[in-house]
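Next come two complexes, and both contain chain A; in the first it sits with chain B, in the second with chain C.
Our next item is the complex of A and B:
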């Protein structure tokens, strides 16, 4: 499950996002922690479940709220070698969304596939 | 009576509870994460459509835009800006915030 990189140990980290953006601080905090994990060259995966899928919705424009629109940062995750983004299919469907409504390429998975992904991790952080 | 709902209908039962107690002819304003209830083709869309038969439902435009939901609003829900929010408060004797 772990392998050596640059003298340190890389563990498999999964960040589980279950909150919509903006209504609470969880989504933004999660993104910060994902970037920290990536900066330490860990093997990072990010899961979006429930209202967490809303974090990836296209067309976010926060000008009217005067808060930071952090959704473009998901597009930059690739630059940090974070490209394992998993989205729960059932959560998308319940919200009338499909893959084309999302900002970045993701892997849409079933609950059982997500369970396997979770099972294969060293560390799971939940937001 | 004006009701405000600020929680996602998928994460809380706030909207459901509000609608259970909202009298015919009252107004419901969706704000913050509450605006997700305004979207078409969701698991709660039917519940909202049924409610529209007896109450007026509004959604705050800035909160929809922040969440990328501005083009997904179902027919029958009226969009308001902050000034419209104030107008709704003024137009109703009581405001109940279902937080």
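Our next item is the complex of A and C:
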């Protein structure tokens, strides 16, 4: 699962986001890992499953919560060369969302496709 | 085999730290290597030396410290997560003008890059909690 790229060996990292963006800090701190990890020039993918799909929902307004709306940062992932974003289709549909409701371009995949994506990774960090 | 371990929950509320500790012990007993144990989210609270659990309960923080001393384990607390939650070593306390520090023996504070490095260097990165 590793391949030589230039000077070093790149591993395939998958970050799995399973939690809603607010209510707990997992989503925000997961994003912090993705952004720091991007500097390490590994092969990065990010998956959104279950309530994790809410992290990408457009129109987040956190004023009433008095916490920072960090969703604009997902739009910056591309600048960090993080552009493999996978969203679980069933999770989206179960929450009344579709691809058009999301902040950034993603690949919507079935559960079995997601399983294959996971199977192909070296390192999976789930938050 | 070389393992990396990520602990995402604090002591006592959640079993993750206990399980990670038992896993780490088993890994070492089987002759494997642990590249690093990284503490993230509330997991940073595993590294405060100020816990005083009842005497008939396990002392999770001390368990980690003793395991680290016995096997020269690298126990790393995420600095960003630690700053949010009030975990600091002497240098951090001085830098932020705080009147105390609380890091337990065997732990050190460093950045998230240490987690990514563990993912790169270890054959397996095993995640506990979250």
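Just so it is clear, the second predicted complex is superposed on the first by the 124 of 127 C-alpha atoms of A that agree within 3 Å, B and C clash if a C-alpha of one lies under 4 Å from a C-alpha of the other, contacts with A are read in each partner's own complex, and residues count from 1 in each chain.
Everything below uses one rule, namely that a contact is a pair of C-beta atoms (placed from the backbone, for glycine too) under 8 Å apart; a residue touches a chain by one contact, two chains touch by 3 or more.
Computed from a prediction, not measured in an experiment: that's the story for all the values here.
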item	value
Which of chain B and chain C A:73 touches, first, second, both or neither	neither
Which of chain B and chain C A:51 touches, first, second, both or neither	first
Which of chain B and chain C A:65 touches, first, second, both or neither	first
Contacts of A:36 with chain B and chain C, given as first, second, both or neither	second
A:118 touches, of chain B and chain C: first, second, both or neither?	neither
Superposed model, chain A: greater residue contact from chain B or chain C	B
First (chain B), second (chain C), both or neither touched by A:104	neither
First, second, both or neither for A:25, with chain B first and chain C second	second
Interface residues, chain B side, partner chain A - complex	6-8, 10-11, 32-33, 36, 39-43, 45, 61-63, 65-72, 81
Of chain A, residues touching chain C in the complex	9, 11, 13, 25-26, 29, 32-33, 36-37, 39-40, 42, 122-127
Chain C residues touching chain A - in the complex, by the definition given at the top	6, 8, 40-41, 80-81, 84, 111-113, 115-117, 119-120, 125, 127, 130
Contacting residues of chain A [partner chain B, same complex]	19-24, 50-51, 54, 57-65, 67, 69, 71, 93-96
